[in-house]
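In what follows, structures are represented as structure tokens.
The following pair of complexes shares a single chain, chain A, combined with chain B in the former and chain C in the latter.
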Partner chain A sequence: MRELLLGYGTFAMYYVMAVTLIYFTILFFSYKGVYSMIKGAVYSRFRSLSGSESAPPVSLLVPAYNEELTIIENVKSLLTLNYHTYEVIVVNDGSKDRTLQVLIEAFQLVPKEDETVRYAIECTPIRQVYYNPAYPNLYVVDKPNGGKADSLNAGINLSHYPLISSIDADSLLEKDALIRMARVYMENPAETVAIGGNVRIANGCSIRDGVVTDVRLPRKMWPMFQTLEYMKAFLGGRIGWSHINGLIIVSGAFGMFRKSSVVEVGGYRDGYPGEDMNIIIKLHRHMLENKLPYRVAYCPDAVCWTQAPDTYRILSSQRKRWGRGNLKNMLENRDMLLRPKYKVFGMLTMPYNVIFETLNPYFKLTGLLALIGYVAMDMTQWRVLLTFALINFLNGYVMAVGSLVLEEMAFRRYTRMKDLVKMTVFSALMFLGYYQLGVLWRLQGHIEFLRKNNSWGVMTRQSWNQEAPAVNNPSTVTTGGKIA
Partner chain B sequence: MHSNLHIAYAFIAVLLGVIVIGLTALYTMKVRDLRRRKAADAYLAKHGDWFTYVLANLDGEEKVYPPPGPMKEDELRVVQERLIGWIEQFRGEQQRKLIALCEGMGLVERQLKRLDSPFEWVKLDAAYYLGCMRSHQAVPGMMKLLASMRFGPMVFIVGRAIAKCAKYTEELRDMVHLLLAHKKEAQPLIADILAESELDCTPMLETFLRSGDPDRIRLSLAAMQKRPLPGSADRLFKLTAADEPDIRQEAARLLLKDPAFATEERVRKLLTHHDGEVRARAARAAGAYGLAGCIGLLRSAMADPEWKVRHNAARSLASLGEEGFAALCAAAETEGGPGAEEARDAIRKEMKRRELAASGREPGWVPVREGRGLGYEPFFGQKELLTER
Partner chain C sequence: MSRTEAKRLNELMYEKVVERFWKSGGSAGREACGILLVRCLKGFEEAAREVRTLLEAELKSPVETVFDPDGKQAAYLLFGVAWSRTHYLALLVKRALASRAPGEFALMLAGAGEQSERNPLVFEKMTEVFGQLPEAPEVAIFHEQDAQEGGSQSVLLVDGDEEMRRYLELRFRKKGYRVLAAEDGKQGLDLFRKEKPDVVVTDLNLSGMDGFHLLTRLHSEDPDNRSKIVVFTDNRVEEAISKCFKLGVADYITRPFSPVELEARIERLLQ
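Here is the complex of A and B:
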């Protein structure tokens, strides 16, 4: 037993060293990639480009399930983006609430009889397409419930343009977000199959007429932790992964895709969460198997604001769903693991995800059991344990500080000094329970997967307009659902 | 164990060091940023009257003078940013006056010096500002910079700067060649960059269109998105026979977009093109421009293997008056499989449209309905058509 524990200790040490090395390498690539990304964005005159006919037309796909509280404001916001030619396709996925009715009423939509939907990819048949010539960019699709992936596939089938962009119905796009992404596409259209946008947490921010006007950190603990988590993932991770063309996910909240490539891979996978990761894996596989030059790019200055879960129940449900999705995707695509044919994706991205994301809870759990074993068998001292814990904390904190430096260097969205102090403090506090809960949720997600539970889980929406000031203010000012 | 712990302690010390450096950098940047914002606000307030003076005199004939007194480095940068913003907003004489003001303030000279810096990031920064200030002097330096750069977002920034500053078409041509050499099919973006130039690019684009180089042809086609090149119809028609699918499809799209270019003869030829995408566009154009002479070919297109061709042909036949409608009804009855289905679908939609038009008492339809019936009776009978088959 002692030998086993000692062996495990050695293995754990190498595991930590490897994960640290990879984290730092990716962070290094993020720093390397961020300069040209940001300078390219700063020097580009988006005002003129957004009005340019050279920008490729885009179809925005907005799957909506029980979104009656937020959908109108979000669609209004989407209809006023700074972009030359685009359409907004809202797909009502058999909502049980009044999502479709509020859309019909708000935009005075009528059934569009002359619309022909070409079912290029499989999806639940569309019941009706609604339209109003007064809003020529807006289409609303009504279909029976089939899930998010199915809704996106329906939207693709209806879409009229060569680029598609998926957007969550509870998210707000910045006015220039689309043109910023299009710029990245236009720089290399021959190879770009997908572009990820930057998702930021809107809780705490002031929102006026569907636009985030004053960026503030969330007041509640759960969204605050998620703000830092997103910052670390999107800035510290995705910039680096995209730099080596190893990005495994483009957030479902905001991403842009070349439609022909998505159709070639059969569209989004239906019937299971994690469709945003799955589509990217399918694109990597398709391009690599056919030996086609390609890239999955990332555009950190194209920002989408989203409502983060602010209760334990909803957050845990979301994370369990992510855990299930991740496991399903890794199992489905295990053949890509360590196969030179799949280049960076097979040799680095997949192993990283399997070992450090999917299997992470098991390493953490066995590590804990081993620690108990060391103590029980008198194989260690408190000083050793403390040292190991400190290294673990400092490793993580270096990454957190690295992401904050990236944010400050490149974006500076949180302008106040007290925001920075709060972020540095919460980055440390995350190690006292939040990360551990993340491990637990992922493990629970895996258990749900084994029990074949593939439901979407709990998700509630808060209106952006909730508790809006009632008088003397024609526009709405909210703070992540609360009065500013 | 003892030595291992020492390694661990050393590792902790390194990590702590990195964190301290990171936090120091982070807070230093934040403090500097806050100071910079504060200083910028102060400088903008200080020069508020001068900015008003500049704006007020942009239309007059009088020269606009720089602000009085020497300026600090940061102050000059804030003023420069404001002026650059305006240069990008205004056009014509107002823009020229602002550029002359920048020259007078030594901003151009200053950026020209930076263009010779050994550091690429300084050169890029300078190229951006020189582009905004339309400095022709900077073109050779920027061209050298562009030629030395690896592909990335920044090559387009330098390319745009050159386009803004160029005074001769050759300079634009050189810039285009350098950008196209990266082989990234970024023609739409390059076309957008060319549109920034004050020069007339038409002769250059015409040369490209007539060249045998697919990349240059693509660029011309992309530029024609905004404005068609005069007298290019024949060349576009020839390009519909290009080997590259994207070129022939784009050529067909541009040709058929313009009713002056889309003559019946050309549309008829394109309806029998080997590329389904081209046939589909031609089928749509035939209906859109009311080319009744194409009805026979459209009727044949109802048996096309490509659904898009059948779909567009059906819609066009429906819109080509009674003759077209009769051909559509014939297709619905005689074509087998998807062709007939497409025809029936188009008939249903057209009937619905006519019903709606009739209920709204729109002229044009009522006499047809009352006088000659709906037009499909000889083929189906009234009830049959309106139900799904």
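Here is the complex of A and C:
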């Protein structure tokens, strides 16, 4: 027993060292990426670029399931983006509430009879396309319920433009978001197949006319933790991964894709959460198997504001879903693991995800058991334990503060000194419970997976109007993982 | 009271202001100058004298007075007196006149703004407005801006960029247009309904309402194209341009732009 524990301890130490090393490498690449982004943005004139013929037209796909509260505000905001040619395709996924009716009423839509839909990828047949010439950029598609992926596929089939962008119906885009993404695409149009956007949490911010006017930190605890978590994942993680072309997920809340590539890989996969990670894995696989040069880019200055779950129940349900989706995707694509054919993706991204994301809860759990064992068998001293705990905390804290510094260097969305102090304090508080809960939720997700639970879980919507009374009727909705 | 005589009063006022400007060696161009216009139907001369004494006692200095040859109106030029103080004096004068000739007088508060020595039109407008003022125990207030804007052609500017709005507003104003500015589509549409401007200069990239939708709405508000619409935008895509012309716009100007060209095109539309 003693030998076993000792062996485990040595192993755990290497594990922690490896993960720390990877984290810091990625953070380093993130800094590099942000540095070149800042330099690039200085010379880009986005206003002028947004009217230039060389920016390709984009189709925005908005899957909507039971979104009657927020959909009008969101569509209105999406219709006023700063971009020369784009269309907004809202796909009503057989909502049980009045989503379709409120859309038809608000925009005086009429059925469009002359629209032919090419079924390039499989999806539930479309019932009807609605349109109003007074809003030339808006299409509303009505179809029977088929899930989020199915709705996206239907949107792709209807779309008229070469680039598609998926957006959650509960999210708001900044006016410049599309053109900033298109700029990244235009840097290398031949190779770019997907671009991820930066998702930020809008809880606590003031919103007027579908535009975030005053950026503030959330007042509630759960959204506050998530704000920091997203910041760390997007700025400290994604920028770095995209720098070495090893990005494994483009957020379902806001991402842009080359339509032809998405059609080639057969569109979004149905019937399971985690479709946003799945499409990226499929793109990596397709391009690498056909030996085509490609890149999956990330654009941190294209911002999408989303509402984070603000209660324990909804948050845990979301995280369990992510846990399930992640496990499913890893199992499905285990053949890519450590195969040189799949380059960075197979040799680095996949192993990293399996060892440090998917299996993370098991290491944490066994670690805890081992710790109990050490204490019980009197193999350790409190000094040693304290040292390890302190090193662990400092590592994590430096990482978190590293992303905060990145944020303040490049974007400076939170300008108040009070907010900065609050973020630094909460970054430390996350170690007391929030991270541990994350491990628990992921574990529960895995259990759900094994019991073949396949639903989306609960999620509630709040009207964007903060003064409006919050609606607390839980409903199942199609919302993808924001950071997974 | 005929118009020609009213004009004489303004000419006299203008002369005094110019005289003051030259005597001070140019520095008077920047000083404030309050103006009180008084009309009294009964016992005008006595009333005018009383007002003058009152003002001089208040200010402790002589007051420049101009009399209308018609014999019913007078203007008091209070050089170096700020607007707020002039307002106070006007209220004192009102009280004095109200006890003297109730219901028989008119009183207007005005000011000669910066560089008024170059602008005789302000005084013309001032006396014209005053001439039409009914006799009432109230202090009417004259705004110089009204003088500049009244009667001229109007331009509605719809642009989300504040800098651009202010710059164009300034330029159009100098051209003598009455400028209405809106920061988004909704505000633009409201102003359009209320004011029926001669020209609308709008961006396509607006907040709150999509630019094409605004054009559609403007078109349905005004199907005969009585207001000329100029689209002024970053969007240089052919398709967008043709879509705009189909929606009845009169001109399409892309940014980066030349302000001279923009003004020339607007001028041509207004002819």
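Basically, the second predicted complex is superposed on the first by the 466 of 484 C-alpha atoms of A that agree within 3 Å, B and C clash if a C-alpha of one lies under 4 Å from a C-alpha of the other, contacts with A are read in each partner's own complex, and residues count from 1 in each chain.
FYI, a residue touches a chain if its C-beta (ideal position, glycine included) is under 8 Å from a C-beta of that chain, and two chains touch if they have at least 3 such contacts.
If you're wondering where the values come from, they're calculated on a predicted model, not measured in any experiment.
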| item | value |
| --- | --- |
| Touched partner set for A:40, first chain B, second chain C, both or neither | first |
| Touched partner set for A:405, first chain B, second chain C, both or neither | first |
| First, second, both or neither for A:429, with chain B first and chain C second | neither |
| First (chain B), second (chain C), both or neither touched by A:365 | neither |
| Touched partner set for A:292, first chain B, second chain C, both or neither | neither |
| First (chain B), second (chain C), both or neither touched by A:377 | neither |
| Partner chain in contact with A:447 - chain B first, chain C second, else both or neither | neither |
| Partner chain in contact with A:389 - chain B first, chain C second, else both or neither | neither |
| Touched partner set for A:331, first chain B, second chain C, both or neither | neither |
| Which partner, chain B or chain C, touches more chain A residues | B |
| Chain B and chain C contact sites that coincide on chain A, given as residue numbers | 47-48, 52-53 |
| Touching residues (chain side chain A, partner chain B) in the complex | 35-37, 39-41, 43-45, 47-49, 52-56, 113-114, 116, 118, 183-184, 186-191, 383-384, 387-388, 390-391, 394-395, 397-398, 401-402, 404-405, 408-409, 412, 415, 417, 420, 424 |
| List of chain B residues in touch with chain A within their complex | 1, 5, 8-9, 11-12, 15-16, 18-19, 22-23, 25-27, 29-31, 33-34, 37, 88, 121, 124, 128, 151-154, 156-157, 183-186, 188-189, 191-192, 195-196, 222, 225-226, 307, 311, 345, 349, 352-353 |
| List of chain C residues in touch with chain A within their complex | 184-185, 205-210, 212-213, 216-217, 233-240, 243, 254-256 |
| Of chain A, residues touching chain C in the complex | 47-48, 50-53, 76, 79-80, 82, 84-85, 133-137, 175, 209-211 |
